[in-house]
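Below: one structure in structure tokens.
Lettered A, B, C and D in written order, each chain numbered from 1.
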């Protein structure tokens, strides 16, 4: 009779369902996947390609690799990057070259698309793995990437 | 070892020595009421904590573990938060009924709590229609849900309340009939009597074997439905109705509904324990000489059944409203009716298993 | 029922389609340049007729309207319908144009392909093209009180649009 | 109240409720205007636009490289496939010859995306019918895919890994191992999905025979993906118009004729098995070679109209570019699968109950940004 086989099958499927959750309950110690974030900050390591925010690495002489070519500014879809630049006379060649005054990065407008870093011909900017970017003030999200008093690394030139 | 047995008796005697009988009686009642209120709040908070923790383990999570050791005080912190929250006043609600509804729910579950026997000793209110009283009182709660849903002037709440009405009307039958099956075995409605019978002849789930087991299954299904818990949580079905009947309640009024749900679960599990698992009795009478341990056995059994209901909740999808009725009227009710006859025959022929 | 389909079916070629549709006398223009599909441009008054014919004719049976695009060609406004036949698996593009920018109106095809009901609402929302016999023509994405039709080329919004 | 209400006792009356924009079952900010008689749905009218960002208009201003990252934000659960669609359109228009390596990697990533999307959908499907635990089981497995994405692409959700001409950078050295580990893990977990939810009698009763869509309606409403295939409309772009590496892998198109909610559910479970098999076939055979071909820094498409369709987790995504030869498209249209699928909701839901509507919505697998664009 289908009436009773319905009941039997119904109860059976319910019990198999319960066995799945029950298995996880009684093995909870092994199966739990929660990461307790602020506690594991010391061991938490982001993947090296993780897109946290754009930074401009400086070496020990406070020198960076940015020539001020503005390719990143053009590549950015959102107007996240603004470069304030100037022309100065190069001491060696006597030609006028571009130097950056400020490389301004609006983190609040960044969509982490990575186009600026792809566009950079001199590898001046790269991703950092810092992910906790929250702050109490919106203005703190506008960052100047080149450090005060920094210079361009000698030998780094535009490929133009 | 007779000392613990007489705690309540000693207090009773001492009170009546101290003052005149009517005053002493009033004071005694107040004391018991305070004790139950305290138990109500404490059990509610603990059950909420238990539910959250158990749910977390089912779901590969940790659950609350920050406030206090193992997060034990989390629910207390939540309760404090709820107390301090604003009680939102709905402009177009029926103010009187809107405010009344949570009390209905909470009073109903408190009243039901009062007849529960925690041990041979701790039994506040042993009336001769005990089980019947439990049933009658625990279904008052639905009036609160209906009122709350209707008075909040919210269509989602109204749908929830209407579903609750229909659900309780249907499943009350199954709960009643499955209890009746056991009453056939016990021959009494009085709770102390029911347990006394089990003390002599073994727990009813063993004594009544097949029909008792069927009755137990039906009771658990219908009881889960009675408390509006998943898979029968159509009343608050969060993916359909947002929060159902208590959509418009906030703060402590919401907490009343929330606590009452957990206490109702406790009550259903307690009835199950009394009727099928021998109440405070220890398995094979191992601790019969220490009656106070009855409290422990009772709580263990109740929490076991509560755990079963939680297991249901975190495994099963929700029924649809017409399937809810199909399940009751097409499956549970006919089976239940046959089961009663079956049980009657078994009792009549003396086929029960007695130790 | 056998559901395994031959995925290599190619129905009529573009030139066959062209001859067939030409025989219906709808005064259509054909073009295959600059597109991977056969493009036919039809007059607005013939659009509904052509649509019915394209769907109901056994040899064409274009029953799957997979894309409806509103267009602003600078002077003309129009709609581009991408059609596919689920039995013959050939594809075609139907275009309809009007130079009336004030009150552009076409016939709705949502009784032929139900999906057009939503897509035409979208076109109305962005281009202001009205559709006759549409059951419920209203703004779908933009707020109901929005002024202007944002995807038209002459739409100006100095507040919300950033021009690079 | 100025109007007088006719007080007629026991008069049944249809009423109107607003489901959304903030409602747990609408998966975001979709608003449904429901006309209801008791529990029975008389009419459903979707109201869209709560997350409309006018991506099509933004595309008319951006360069082709920049457009790609906007498509991440459409159907965020199949963002990789969206990126691929735009890149394929641009590449086909330019007539670029894409290295085999890129094609294979794109296919693997697309299938991983489809798996991730279906895992999330499975979790949410369970949640919508009331089984909350499924959500966490689905997410447990999805996290592993997200890790693969994060290691290789740098982001978990909005990857923007494709560029016109190939990939932004080569796959991570760990990619193959990690993917194999995941596939081995998921092969043991997918049967559990069936025992927990598919077989459950309550779930079956909830979904079988609910929200039936006939084949004719499925075609006419322009539904695609699992929704259409459940109704017997064979519409898998991967089979009918193969792109990337789909022409060299063996897989079956999940298809059925019943067309109810349960079949739509089964289609997706079956698709997960197919995705696993596709990845199995490709993961050991990633050819060596370049990960991109050089394009001009400013891409200018030739004058003309270009249409490319791909199969996302939700169905057919069409990218229609009208180019006038400049560096930005003249008109860009995304034919989003969710938009057409949603139009069939009314047909499916009218006459069923409120609880059914939620189940039907869940099997449509709606992602609202995809609909609103």
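As a working rule, a residue touches a chain if its C-beta (ideal position, glycine included) is under 8 Å from a C-beta of that chain, and two chains touch if they have at least 3 such contacts.
Here the structure is a predicted model, which is why all the values come from computation and not from measurement.
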item: Dominant chain pairing [most C-beta pairs in contact]; value: C-D
item: Farthest-lying chain, centroid of Cα atoms versus that of subunit C; value: B
item: Geometric centre distance via CA averages, subunit D-subunit B, whole Å; value: 45
item: Centre-of-Cα separation between subunit D and subunit C, whole angstrom; value: 24
item: Separation of mean Cα positions, subunit C and subunit B [Å, integer]; value: 63
item: Length of the line joining the C-alpha centres of subunit A and subunit B, rounded to whole Å; value: 53
item: Shared interface positions of subunit B, touching two or more other chains; value: 58-61, 314-316
item: Residues of subunit D whose C-beta touches two or more other chains; value: 62, 133, 140, 196-197, 200, 202
item: Multi-partner residues of subunit C (at least 2 other chains); value: 162, 164
item: Arrangement of touching chains [line / ring / star / complete / other]; value: other
item: Those chain pairs that satisfy the touch definition; value: A-B, A-D, B-D, C-D
item: Contact footprint of subunit D on subunit B as seen in their complex; value: 55, 58-61, 155-156, 159, 230-231, 233-234, 237-242, 314-323
item: Residue numbers on subunit A that touch subunit B, as the complex places them; value: 7, 14, 17-18, 20-22, 24-25, 28, 31-34, 36
item: In the complex with subunit B, residue positions of subunit D that touch it; value: 15, 17, 23-25, 39, 126-133, 135-137, 140, 196-197, 200, 202-203, 205-206, 353-358
item: Subunit D to subunit A touching residues, read off their complex; value: 62, 65-66, 68-70, 72, 133, 140, 143, 147, 150-155, 158, 160, 163, 168-169, 172, 192, 195-197, 199-202, 204, 297
item: In the complex with subunit D, residue positions of subunit C that touch it; value: 1, 3, 5, 7, 33-37, 39, 63-67, 69, 71-72, 80, 82, 86, 89, 93, 113-115, 117-119, 122, 126, 136, 139-143, 150-151, 161-164
